[in-house]
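First up is the structure itself, then whatever we jot down about it.
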C-alpha cells in the first residue's frame, strides 16, 4: 500500500517581495514517480529546491517521513539531486564523481561516523555504473563525455547513495529529442528497478505524461491540478491545464442541464453533470475528438482557413462563427472549403470558470502561438 | 539560509576589516594631514601654499620672472604624462594589433617578450636609460664613433619622456591586445563582406570596438607617469621636478602636512579624471560593443 | 603590409630590449666605463656576491613577498567567495569600489596615505619611529589583495553554482563542499592571484619606500640607494641576474600552461 513520504504544508516562498510559491500543499508517496510540470517561473524548481534543502520556505512546513525538516541542511537529508546541467565535478573522473558521496563519512543514528570501506565503495560504484550502462568509463574525464553519458553519471552519482528520494531538475533539457526519448524510458526503468521515489521537474508535458505516476501542474506559484496523466489530460481542471497539456479548443458555454451544454447557441449532449442550471462554463474540445462530416450533416458549420500537413494527420484551422478551432484529421480539406463537424458526447469536457477563462484555446493566431511555445522552451528557469 | 548568511559574513569579515583599516582610513589621514598644521590644528595653509607659493626662475635668455612654483610643477607633470601616454598609444596600438593577428605561437612569444621588461623593476629600466643617454653614455659614444656630434639629452624633458614611454609601454599594449585578441574575427569578415576595405574595417569596426582597451591603457599609463618621482630625478637630472618629486621631497624633509596636501590635490584631480573616463565608457555606444567580444 | 608590420615589430622590441642588452653586456665589462667595452670579466659579479647589504635585501624581499603572498591569497580568496555570495547590491558595489582604490590610485598616494596613518598611530603610542618590517608587510598585503580578488572572482563566476550544491546534496557540509569542490575549481585563479601577489610585492618600490623602516631594506630599495649616488656596474650584474630569473620564471609559467585547460576555461 502506498505510504506517504514527503508532505509540503502551506509551503510559501517569498523573494524580494515577490511570491514565488503561494501556499503549496502536496504529498508524495513512497516509490512514486511524481512530476512537477509547468512553464518557466511557475515555481516547480523552487518546490524541488525546498525538498532538496537548498531553500527554506518563508512559511509552511516540509515533512519527511513524519518529521519536520525545514531547517535540516541538504547534506543531512536522505534525498539526492540530479541537477539541471548535471553539475558533475570537472576535476574528478567518472569513477570519482560517482564515489564522491560514498566517501563522505555519514553520521549514523548513534551519532558515530560511518565510513564505508574501500571495497564496499568500489563494488557499489561499479554496480551503479552498470545500472546506467557506463561500465568501462570509470577513468574517463567527465568533460570528455557526451551529454547523454554525463546525464548517466549524474544519475549514478545520486543513486549510488541509495537515497529515499531522487530529485531531478529538468535532467533531459540539454539532450536532443532522440536521446531524450531513450533516457525517459531508461529513467522509468531505473526508478522501477530500484524502487525509489522520483520527483521530476519539467516543462515538457509529453515527458510528464509518459513517465509519471502523478503529475502536478503548476502555474504562478500555485498548484493547478494534481492527478494521474490520464486525469490531467482527460479531465483538466481549468483552461490553463487544458491548454498546457496537449492542444485544446476552449469555448464559452452554458450548462443548460445535466449532460446538456450550449455553445454557439446550440445545445450538445455531453457526459458532465453536477453544474448549476445555466451556469457559465469553459468547454474543452480536443482537436482529435472532432469528426469532419459533409457540411449539411454537421452540428456546426465552418470554413477551413489553414491546413498544415503533420505527417500522421492534418492540422486544420476552421472558422466557426468567428472563432477559430484546431482540428486534427486524416481527411484532407482544402482551404476555403465549407465543412461540418460532429462531436460525440464524450468529446466535451466541461470546466468551471477560472482566472484563466478566455486566455487560452483560441487558434486565431496559430502560427504565432507555435513561436511562443518554442521561445518558452529555450528560456531557462530562473 | 541563515547558516549561509553567517558563513558569507565570516569569509567577508577579514577583508572588510582590512580594507577599511588599510585602504579607506589612510585616505582620511591624507585629508586630515592636508588640512592641519604641525600641531594638528585645522588650516588651509597647505592647500593655499600649493596654489600660491612662488619662486624666481631665470630662462635661457637670462630674464628672471616670478612663477607659481607648484602650479608650474603640476602643469609640467601633466604635460609630460599626456605626451608620454599619447606616444605609448601611437606606438603601442599597432603592436597590439599585429600581435592579435599573429599565429598562436607568435602571440605567446611576443607576450613573453613584452612582459620581460615589465617585470624588470622600473628602477633598473630607468637606470638603463640613464647609462644610455648620459653625455658620456653609449649613445654618444656610438655617435662620436661614427663621426657625428654628441647629443645632450640627459636632463631634458625629452629624456624624461623616453623614460616614461619605455617604462609604461607594456601597460598600454597589454589591455589593447587583450581586447583585440578576443575580437570576433567574424565581425571583420562581415565588414569586408559588406564592402569595407582594410582601412575602413580598421576605422569602422576594429578601432571603435577596442575603445575600452584603449581607455584602460590610457589610465594605466597616465596615472603612474603623472605621479612618478624616480624617472624625472634620474633622466631629468633633477632639473625637471614633477609633482611626484615634490611630494617625495616634502616627505624626505619630514614636511608631512604639505606632502599630504599635494597628495590630496593630486588624488582629487585624478578622481575627477577617472570619473570622466568612467562616464565616457559608460555611454551607451560603448555599452553595446560588449557583445562583440567573445 | 606583412613586411612593414614585421619591421615595426622588430623595431619596437629593439627599443624594449636594447637597454636591457646594454646592461647585460656591460655587466661583464672589465672597466667601470659605461660606453667602452674593454674586456670580459666577472669582477662585478664577484663584488655583488660580496655585498652583504644587497644579499640581505634579497632575503628580505623574498621573505616579505612570501608572507604577503600567503596572507593576501588566504584573505583575498575568502573575500572573493564572500563577495560572490553577497546578496546586497549596495554592499557589493561599495566593496568593489574600495577594492579598486589601491589599483587605480597612484602608488605614491597609497604609500603616503599608509605612511601617514602608521606615523600618526605610532606617535599616538609614543613611538619615535613606527615604520618597520611590519608596516611594510601590512602595506604589501593591502596592495596585493585586490589582485588576488580580481583573479579569483571570475573563476567563481564561471563555476556552475550547482557544483557546491551537488557536493552538499551528496553529504558534504558547506565547509567540506568548499574545500572538495569549489577550491579545486577556482584553483587556477587562486594560483595566478598568488603569483601576482608575490611578483607585485617583489617588484614594488614606491609603496615600500614610504612605509619601510630604517632597519629593513628590500631589493628595490637597495637598488634605489645604489643608484642614488655613483654609477656602479655592480648594479648591472644584479640587473642581469634579475633578468635571467624573470626570463626563466616566465618561460616556465608559459610552458607549463596546459593549452587544453585554456580551452576548457
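We just call them A, B and C in the order they show up, numbering each chain from 1.
As a convention for this text, a contact is a pair of C-beta atoms (placed from the backbone, for glycine too) under 8 Å apart; a residue touches a chain by one contact, two chains touch by 3 or more.
As the structure is a computational prediction, the values presented were derived from the model and not from experiment.
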Central chain (distance from its CA mean to the mean of all protein CA atoms): C
Farthest chain relative to chain B (centres taken as mean CA coordinates): A
Chain B and chain C: spacing of chain centres that average the CA atoms, whole Å: 18
Between chain A and chain C, centroid-to-centroid distance (C-alpha), Å: 55
Geometric centre distance via CA averages, chain B-chain A, whole Å: 59
Where chain A touches two or more other chains at once, by residue number: 73
Chain C, residues touching no fewer than two other chains: 174
Numbers and ranges of chain B residues touching at least 2 other chains: 3
Complex contacts: residues of chain A adjacent to chain C: 52-54, 73-75, 79-81, 83-85, 87-91, 100-101, 104, 106, 143, 157-158, 161
Contact set on chain B toward chain C in their complex: 3-4, 7-9, 11-12, 14-16, 18-20, 22-27, 29-30, 32-33, 91, 94-95, 98, 108, 110-117, 119-125, 127-132, 134, 136-138, 140-141, 166, 169, 219, 223-224, 226-227, 229-230, 234, 244, 247-248, 251, 256, 259-260, 263, 266-267, 270, 274
Residue ranges of chain C in contact with chain B within the complex: 5, 8-9, 12-13, 15-20, 22-23, 26, 34-36, 75-76, 78-79, 81-83, 85-86, 95, 98-99, 101-102, 104-110, 112-117, 119-120, 138-139, 141-142, 145, 149, 174-175, 199, 203, 205-206, 210, 219-220, 223-224, 227, 231, 235, 238-239, 242-243, 246-247, 250-251, 254
Chain A-touching residues of chain C, taken from the complex the two chains share: 160, 162-163, 165-174, 176-177, 180-181, 184-185, 264
